[in-house]
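Naming follows writing order (A, B and C), and every chain is counted from residue 1.
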Amino acid sequence: MTQSIESKGGRLPIARASDSAFRALLFFGGIVVSVLLVAILLSLVLSSRPALVANGFRFLTGTEWDPVTNSFHALPFVFGTLITSLLALVIATVLALALSILMGEYFRTGVFASLMRTAVELLAGIPSIVYGFIGLFFLVPVVRAVEIAIGVTPFGVGILTSSILLAFMILPYSASIGREMLSLVPTDLKEAALSLGATRSEMVWKVSLPFARSGILGGVFLSLGRALGETMAVTMVIGNANTMTLNLFSPGNTMASLIANEFSEATTPVYLASLIEIALLLFIISTVINIIGKVVINRMVGAA
Amino acid sequence: MRPQMTPRGVRASDPALRGRLRADKAFMGGMLAISMIAVLPLVLILLFIIIRGASSINWQFLTELPKPMGEAGGGISNAIVGTVILIIVASVISMPLGILSGIFLSESGKSGLGRVTRLSVETLMGVPSIVIGIVAYVWVVRPMGHFSALSGGVALAMIMLPVITLSTEETLLLIPMSLREAALALGVSYPRTVLKVILPAGASGVITGALLGVARAAGETAPLLFTSFGSPYMVLDILKPMASLPQTIYFYATSPYPAWQTLAWGASFVLLVLVLVLNLLTKLVTSRWKTQF
Amino acid sequence: MKVSRLFLAATLILALGGVVFAESYEFVGAGATFPAPLYTKMFDEYSKLTGVKVNYQAIGSGGGQAQLKGRTVDFGATDVIMTAKNLADSPAPIVHIPAVAGAVVLVSNLPGNPQLRFTGDVIADVFLGKIKKWNDARITGINPGVRLPDLSITVVHRSDGSGTTGVFSDYLSKVSDEWKTKVGSGTSLDWPAGVGGKGNPGVAGLVKQLPGSFGYVELIYAMQNNIPYALIQNKAGNWMKASLETTTTAANVPVPEDVTMLSLTNTDAPQGYPISTFTWLILFKEQHYGNNQKAKSEALVKMIWWMTHEGQKYAEPLSYATLPAPVVKKAEAILKSITWDGQPLMSGM
């Protein structure tokens, strides 16, 4: 294709010119996203520079976030982000695996199967803000009632509430990856197990799952990446308290909800830059997790 | 003891086998139960929004502007129009770029640059939307000196871009080489091949990518918080702050005024309908227009 | 051909006419949720009078200050005067214009909605996390005859940068030395306890739904949502219920030369409510910046003049206290000091 077309009258210069122009255009298309990504990273770094300088490394280890004294530290929010995401991940993985196995093994065709599939797709499309609204009006009172029954301060909002909400939000995504990974298990392997007398559940448990293990792990990472960046729903039900505690019933705060709450009000340049530094941190963490997930999945897909 | 095959299934007399068969049934039951826990509550709530939200939809709701704090009545007309305008701005920016990079990935996806591009696209897909909002604030709001729908559109464009790219690439890859080779063998130039042969064949993928991107962007709130900012008025000028459905929901849902909460339910319903219709359209386009090879 | 050309000409004339005769300015403002119900009402009425539209986003006083400094809005609204440090790194001098006065009340959610009484130091200790239960001796001591349950107190504060917080913490710093040293006053604090709600509406919403909660909101939010609020003991020892009268009394004090020095909290007035405050509109003293046009800035100043004069009549129905006459005089002086290229803007009006 790089050769020019030889015709009786010689080469066709017009074809060549549009050829290379088009190739240039495609090349532009190829690099535009990468350039965009680099630009995003650079912007975040440059805009947070006053904070990077002022806060130093203590930013990552300190626990105080005090706009009055301009003392900003990220640890409570990193902690909040991780604990809500990890808890959500545990809940979502159990639910998603069940869904994937059900739809991959037991109900692959039929009315029920397509109903389930439609349901999961519907859930995937619900916007984050609507989840937050639902969480505020349904989940919070339920959690509150549970807290009153247990005898804990009935905040209703808090880490547990946001984790549950988050779990349902990443569920469709997890389930679709799980289904995809399970479908990569070679049928002859499964049939071999069945022909040797294994029951369906034994086959799933002893053959499919172990085979798809790394793919599922990759899916876990990707779902974690998705959970980390979730903002609106979490902001509405987490309680907005800058505390670091393992008490799941207490309110907390995540990096994303901190930014959502305080960005438009950062009154000093250092305050704003510190919030952008949190955004930078969030960007790095979620990118790293997503890349790990992708690498793990690619290895599984390549091996299958 | 060989298990007996009966019309009603396997009947076993060996206790160990019976145990395993019981465990098998229990496993399936367990998977079913857990799946129901996963799906049912949310479907129920979806129905609830439909019922609650639909009841607050009336002509006044769709055509009026919101009232001052605490007063009853009002509507979300500005939010609906605002969301539409924001999506249009975002599409104008992201569609050409998305299709272009999608074509690139389908043509040169295996090359070095192709791999880098794919990594970038997938990374961009995973960037939290609030971070994108901050970037749009730094790039557009600050230099402009005020909030605007344009900055909101830029943020949404960055969110839509990877979706369009990946969908375009996915569909174009399904087109067999033979089509390409046939066109080239007939003397069609390379650009013409791509634009007049390949792209139309993969049109369904481009359209679904656009629809999915729009569905995703329409529901985003975080990036709009400090870009398009919101407005109680009907705004058509993209250089001004503008209201949007998700922002309206956020603001009114967290308020204690019952009148505003009703607005939020109705707005949720409208947004949900919008997103679901887009997803349905995607399915329709795929089933009707997807060229089978 | 002639018809289409005529049509084109007509459209152009109409468009031009629209541009020339469009006197309706649009301002973008942001800030305090404290006066937001009143402001949105005022803007609604003003637009009916003059066609001027105001897009006011109630994102909290901190937001109002930040957005004005960032020059992304035309004016800001804040319940507390900007700090010296804040003003120092602003691109240009900012003026504060008093707009109206209001009260910060303490709202609670208890079974039976009893009428509670509180003193300043008890409130401070609750918010410090030192008093944890409703039936604590210090609370029952000042509330004889009220059956207080053995319920934990859930403190509700603001999660966003809030002038209401600023006023409230200013009051607490005056009545509690421990609060002053441990937490201090400001729009965004390092809260020792509790849950955060966004804006006055967010706090009101949380208190309404959380049994055992205790929060602070502007009076109108408590009234519009039927949430009971406490009597507070003022400096003179009287138990004051926040109302139009008690807030107006607290606001009727001698006005210092620099009106921004005026703080109404912990008022000396014997019948004044102790957590009252003015709320302010902030804009740049020199209006010629960015894309501003003289006529538009004039319209802005004119609107604020209206808000401090004729607009005050909308305050009382919403239980905000109107500005006392000497404060209005100060407001006029400040408005007259706003300049365009160094010349007072209002001289031509």
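The rule is simple: a contact is a pair of C-beta atoms (placed from the backbone, for glycine too) under 8 Å apart; a residue touches a chain by one contact, two chains touch by 3 or more.
Bear in mind the structure is a predicted one, so any value in this text is a computation, not a measurement.
Chemist: Of all chains present, which has the mean Cα position farthest from that of chain B?
Modeler: C
Chemist: With contacts defined as at the top, give the pair, A-C or A-B, that has more of them.
Modeler: More contacting C-beta pairs are found at A-B.
Chemist: Between chain A and chain C, what is the gap in Å from one C-alpha centre to the other?
Modeler: The mean C-alpha positions of chain A and chain C differ by 39 Å.
Chemist: Measuring from the mean C-alpha position of chain A to the mean C-alpha position of chain B, what distance in angstrom results?
Modeler: 15
Chemist: Which parts of chain B, given as residue numbers and ranges, touch two or more other chains?
Modeler: Correct list: 254.
Chemist: At least two other chains touched by the same residue of chain C: list those residues.
Modeler: Expected reply: 197-198.
Chemist: Quick check: what residues of chain A touch more than one other chain, meaning two or more?
Modeler: Where chain A meets two or more other chains at a single residue, that happens at 264.
Chemist: In the complex of these two chains, what residues of chain B are touching chain C?
Modeler: Residue positions touching the partner: 67-70, 141-142, 145-147, 229-233, 240-241, 254-257.
Chemist: In the complex, go through chain B and note every residue touching chain A.
Modeler: Per the stated touch rule, the residues are 20-21, 23-24, 26-28, 30-32, 34-35, 37-39, 41-43, 45-46, 49, 97, 100-105, 107-108, 113-114, 116-117, 119-124, 126-132, 134-135, 137-139, 158, 161-162, 165, 184, 187, 189-191, 194, 215, 218-222, 225-226, 246, 249-250, 253-254, 264, 268, 271-272, 275-276, 278-279.
Chemist: Quick one: in the complex, what on chain A touches chain C?
Modeler: Within the complex, chain A touches chain C at residues 64-68, 140-141, 144, 148, 153-157, 239-242, 251, 261-262, 264-269, 272.
Chemist: Any idea which chain C residues touch chain A in the complex?
Modeler: 30, 59-60, 62-63, 65-67, 69, 82, 85-86, 89, 152, 154, 159-161, 184, 186-191, 194-198, 206, 209-212
Chemist: Spell out the part of chain C that touches chain B in their complex, as residue ranges.
Modeler: Touch list, chain C to chain B: 26, 28, 36-37, 40-41, 43-44, 53, 55-57, 70-73, 197-199, 201-202, 204-205, 208, 220-221, 224-225, 290-291.
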